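Chain lettering (A, B, C and D) follows the sequence in which the chains are written, and residue indices restart at 1 in each chain.
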Amino acid sequence: MSLSGVHVIMPTPFDGAGKLDLESLHTLTHFLIEKGANGLVVLGVMGEASKLGEAEQEAIIRETVQAAQARVPVFVGSGAGGTDLAIQKSARAMELGASGLLVAPPPVQNDTVIFNYYQRINDAVGALIILHDYPVSTGILLSVPLVTRLHSELEHVRVIKLEDTPTGPRTSALRKLNPHLSILGGLGGLYMLEELERGANGIMTGFSYPDILQAIYTAYTSGNISLAQKIFYQSCAMMRYEFQPGIGIALRKEVYRRRGAIRNAYVRHPGTQVDETMQKELEQILEFSRLEDLIASLKTGEVSL
Amino acid sequence: MSLSGVHVIMPTPFDGAGKLDLESLHTLTHFLIEKGANGLVVLGVMGEASKLGEAEQEAIIRETVQAAQARVPVFVGSGAGGTDLAIQKSARAMELGASGLLVAPPPVQNDTVIFNYYQRINDAVGALIILHDYPVSTGILLSVPLVTRLHSELEHVRVIKLEDTPTGPRTSALRKLNPHLSILGGLGGLYMLEELERGANGIMTGFSYPDILQAIYTAYTSGNISLAQKIFYQSCAMMRYEFQPGIGIALRKEVYRRRGAIRNAYVRHPGTQVDETMQKELEQILEFSRLEDLIASLKTGEVSL
Amino acid sequence: MSLSGVHVIMPTPFDGAGKLDLESLHTLTHFLIEKGANGLVVLGVMGEASKLGEAEQEAIIRETVQAAQARVPVFVGSGAGGTDLAIQKSARAMELGASGLLVAPPPVQNDTVIFNYYQRINDAVGALIILHDYPVSTGILLSVPLVTRLHSELEHVRVIKLEDTPTGPRTSALRKLNPHLSILGGLGGLYMLEELERGANGIMTGFSYPDILQAIYTAYTSGNISLAQKIFYQSCAMMRYEFQPGIGIALRKEVYRRRGAIRNAYVRHPGTQVDETMQKELEQILEFSRLEDLIASLKTGEVSL
Amino acid sequence: MSLSGVHVIMPTPFDGAGKLDLESLHTLTHFLIEKGANGLVVLGVMGEASKLGEAEQEAIIRETVQAAQARVPVFVGSGAGGTDLAIQKSARAMELGASGLLVAPPPVQNDTVIFNYYQRINDAVGALIILHDYPVSTGILLSVPLVTRLHSELEHVRVIKLEDTPTGPRTSALRKLNPHLSILGGLGGLYMLEELERGANGIMTGFSYPDILQAIYTAYTSGNISLAQKIFYQSCAMMRYEFQPGIGIALRKEVYRRRGAIRNAYVRHPGTQVDETMQKELEQILEFSRLEDLIASLKTGEVSL
C-alpha cells in the first residue's frame, strides 16, 4: 500500500463549553471528502489528542469512519509513551475501522529503541504505519538511515509524514534511497511545491483549504506545473498565517467554522481561542488571497487544470 | 491539609510478559506501609504512567486504595496535556478513593496559563493538589513567584514536590515566602538532608528503601541530627546509583523484587531491564552500604533514634 | 532613543574558502542603505557570530561602521554566556562606533538572573540595548512582565526584537503595557503586517529584500494600508521560503549574491550551502512574486505610496 | 596515544572582583599534579569557558602549560559553533603547548555533519582529540555507532569523555566495539566504580578531590578492588553534593579554596556563589566522609593500596 495525494489532519470539534461535538465531526468529514481529501487523519497533534480521554478518542474514530463511508481511508494517530500502549491503541483503532496508523516515535533518542518500537507495532498490529517525523513536536529525530532501515525491514512501514526542516533536502535524500516509500509533506503545506518537486507523493497536513492543496497536487501531477505554482504561491500568505505556533489550531478551526464545516471554533485549554484581531487578519488575508474565487474558477474551468 | 514525612512514589508492577500484576501491587502497598511510608503516590513518572491505558490506571488506583486500608493517604498523578482531561482524571481518582493529586504543569511555559490550569483543577475538583516541580521531566519551570501565587490564591494547592535543582537554595527561597506550604523533596532522596536543613517538610520520592528515608526523617525531626546524618550519608552510594537517568525505574523494581515486595522487576518498553552487571553492582553497593544491617539495628534499638 | 522602520540583520560575507570578505561587507552595507535600511545589525545569529573569532568580529564592526558613514546606525550582537564578557563585548562594540547593542539573554531561565544580566550591561556600558527575544534560538523565554520590568527600570532598554510566537498577540500585550517601548518584529518578516497592525514600530530581520520591507513599512505608516497589504502578501511566498530553519542563511546570502551585494554565498560549516535545486526554487519564486518588478514600479510611481 | 588514570577538569580562578587570577591558576596546577592528576584540562564547561574572552583563554592555556612543566599533559577545550573556529582555537591551543583537545560536537544533531566536523579538525590540527559526550550540556547525542566510526576512521580521535547516562551500559557497549578507545568517565566521578568495572580507562572530571579519584583508580587497577570500593562508596556523599546542577562550579571552587589551591571561590555571573548554608553543608559532609583522614591513612600506608 502506498499513499499519495492530499490527506487531511483533522481538528476535533468541540462546542462552546468544550464538549466533544460529534455532529460537527460528521459534517467536517463530509466537507473534507467533498473538497477532495484523499485520506483523513484523526487524533494527531492538530486533533488535540493529548487533551482527549480514551472514550472520546474512540468516539472520534468511530464517527469519522462511519461518516467517511469508505470513500477515503481514515488514519489514526496511535503513538504512545509505551510500546504496549501504542500497540493497544493501534489495534483498537483498526478494530474501529481505521485504514492505518500515524505513529509518533517513542520518547527516547536511540535508533535501536526506535526501531524496536516500530517493529513491535508492525508485527503485532499488521496495519499500515505512517512514520511521524516531526521533531519540533515529538522531540525525536528520525535520521535518514533509520527511516530507510524502518522502511526496508518492516513490511507495514510504507509512508512518512515528513516534517523535519528543511523538508526539501530531506525529501530528496529519502527519495533517493527509498524509491517506494510514500513521502508526504506536512507543516501546513508551507513547502508543498518544493516537496513535490523533490519527489514527495503528496501531503498530510491540517491546512484548512484541502481543496487548494488538492488543486495544487492535481495540477502538479497532471503536468500543469505553472498552474500548481500559481495556486501555491497565491496560497502562501494564508498558509504562513495559519501555521503559527501556539495559535494554529484555533485559526484552522475558525476557518472551518466560516466554511460551514463545524459549528464552533473552540479550542480546549491550555490552547488559545481566536481573538477579534485575528478574525480581522483572517478576513484580510482571505480577501486578498482570493482562495474562494480561485476554487470557484477552478471548478468552472475558467482556470483549467 | 499539610503533608510531612515520607511519601513513596510507587512503581507499577508487571509480570514477565508486561501484564499488570495487581497482586504485586497489593503486596507492595503493604510492604511500603509496613516500612513506614506516610503516604503513597501512584501514576507518577516512576509508575510508568505514560505506558498505561485508562483501565489499567483505574485498576492501579483502586487496588492501592483498597490495599492501603486508609492507613495512609494515596495520591494520584493526574496531570494531562489538557486542562479538562486533567480535571476528569483528577475527579475520577478522587471517586476511586484518592486523598489528593500530584499534578504536573501543562506543556506551556507561561505563568498565566499555568495558573489558570491549576485554578480550574482546584475549583472543579476541590481536592488537595501537589505541584509537581520537575523541569527535567515536564519541561516546565515553576518560578518561585508563581509557586507562591498558586499557594496563596488557590485553596487546595498546599504541597510542592520540589525537584528543580539545586534544591537547597530553592527550598530556602520557597520556605521564606511560604511558611505554610508543605515542601517535599524528591530526586531519589539525593539531597534529602540538605532539604530538611533548609525547611523541607519531608520527601516524596521513589527510593526503594523508604524505611531508610523514614529513619532519616524521624531522627532529624526528633532532633537527633547526627544520627540523621549518619544514615543519610551511608545511603548516598545507593541513592546515587538508583537515581540514574534511563535505568532508575528498573533498578528500583529490582530492589523491591529482592526485598520481596513484588514478584517481577519487568519494565515496559521503551524502558530497559536490569542486566547482569547491574545485578552485581546492586549487590556490591547494598553489601557495602549495609542498609539492611542499619535498618535492623535501628529496630532493635542498637542504634537509637 | 527609539527605533522604528526597517533594520537589517546582516549576513557575514565569506569568500569561497570561508575567509572573511570585507570588501563584500562594504558593498553589502552600501547596498542595504541604498535599499532603504533604517539601521543595520552585525553579529546576529544570521551573521554566523558563533563561527567568528574576536578579531573577525571586530573587523566586521569596524568595516560596517565605516561603510555606513553615519548614514544609519549600526547595532552589534553582543550577548554572551557570561555577564562580564557581554559587557566587554558591548563596550568594545561601542568603542568601534556602534550605535547600540542587540543583547541575547543569558543561558539561565530565571527572571532575577536575567534582570541582573541586563542591569549590569545597562549600567556598565550606557548604550542602547535591544532585547533579543527569540526562544527558538536562545532557549530562553522573556515573559511580558519581565520585558516590562526591564524596559521600565533600565534606562537603556528601549527596544525589543520580538520573535516569540505567536508574535501578534505578544506584540499587543507588550504594546498595551509599554507605550514607549520600540517593538520590532523579526522572523524573516513573516508576520510583519500583523505586527504593524498590533502596534509594532517596524522590523529587524534578515529578509534579503529590505527594499520590500521598507515599502511595506512606508505604505503602512503613510496610511496606504491596502498597498502595504498588497506588497506584503505578494512577498509571503518568498519570505516563507527564505525563512527555512537550517538553510535560511544560505538562501539569503544567495539572494544577496544575485542582487550584486556580495560576491559569494558561502556559509561556514556546519552550515549548509545552497544546492542546484534551491537555485531553481529561488528563481521560480522570484519570477512568480515579481518582487523586482514591484520595486521598480514603486520607484517609478507606477504603483504609488 | 591513549589516556588512562585521573584527568582533572580545572576551574578558572578569579579574584573577588571577577578578574582572572593567574597566580591561583599556577598554584592550582601544582596542587593538582601533586595530588596525583595524570592530566589537566582547561577551558571546559567547569572552567567557565563561555564567560572568557580569547585573551583570557590564551592566558589560561599558557599559564597552565608553564606551571605543569611537562609533568602531565594539558588538554584544552576547543569546540566551537563553527568548524573553522574550532580548528583555529585548536591550532592555537597546540601552539601554546597543549597536548590535546577536548572537543564538544557542533550544534547540529546529524551524524554526517558531526563526522565532518571532527574529520576537519582531525585533518587540520593533527592533535589528539577527546570527544566530549555530554548531551545535558551540549544538547547533542553521539550514538555508539557514530563514536565507533569517528574512532576507527579518524586517526586522532583516541579518547571519549563519556557522560551520557546511564554511563555503565554505554561504557560496556563502546568498550565491546572499540577495544583501543580510551574511555574516561566524568559526571563528577559519580559512577566511577561502575565505569571502571565495565572497562573505562579512567576518569576526566572536576571532582575537587583528585587524590581520592587517584586512590580509587590505583586501588582498582592494582587489583585491590575492595579498597577501591571502600574509598569510592565513602566519597559518594561528597561527589553527589558537589555535582549539583547550577551550583557545582561554586562548590568545587570553594573546596579548592579550603584546600589552599586557590585564593577565591568567586564564580562569574550568571553563575552563583556559595552561600553560608552551603558552607555548613560542605563542612558536615567533609567531616562525615573523612576524606582527609582517608587520604592521610592511604599515605602513611595505614590503609594500604
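Just so it is clear, a contact is a pair of C-beta atoms (placed from the backbone, for glycine too) under 8 Å apart; a residue touches a chain by one contact, two chains touch by 3 or more.
The model shown is predicted, which means the values in this text are computed figures rather than measured ones.
Undergrad: As a test of understanding: of all chains, whose mean C-alpha position lies farthest from that of chain D?
TA: With centres defined by C-alpha atoms, farthest from chain D sits A.
Undergrad: Given that chain A and chain B are copies of one sequence and touch, is their interface built from the same residue numbers on both sides (over half shared) or different ones?
TA: Counting shared over all numbers used gives more than one half: same.
Undergrad: With centres defined as the mean C-alpha position, give me the chain B-chain D separation in Å.
TA: Their C-alpha centroids are separated by 33 Å.
Undergrad: Distance from the CA centroid of chain A to that of chain B, rounded to the nearest Å?
TA: Computed value for the inter-centroid distance: 39 Å.
Undergrad: Taking the mean of the C-alpha atoms as each chain's centre, how many Å separate chain B from chain C?
TA: Inter-chain centre distance comes to 47 Å.
Undergrad: For chain C, what residues touch not just one other chain but two or more?
TA: none
Undergrad: In the complex, go through chain B and note every residue touching chain D.
TA: Residues in contact with chain D: 165-166, 168-169, 172, 190-191, 194, 197-198, 229-230, 232-233, 236-237, 239-241, 244-247, 272, 275, 277-278, 281, 284-285, 288-289.
Undergrad: Spell out the residues on chain B that touch chain C in their complex, using ranges where they run on.
TA: 109-111, 141, 143, 145
Undergrad: Could you list, by residue number, the parts of chain C that touch chain D in their complex?
TA: Listed in rising order, the residues are 18, 48, 50-54, 80-85, 88-89, 106-108, 113, 116-117, 120, 268-271.
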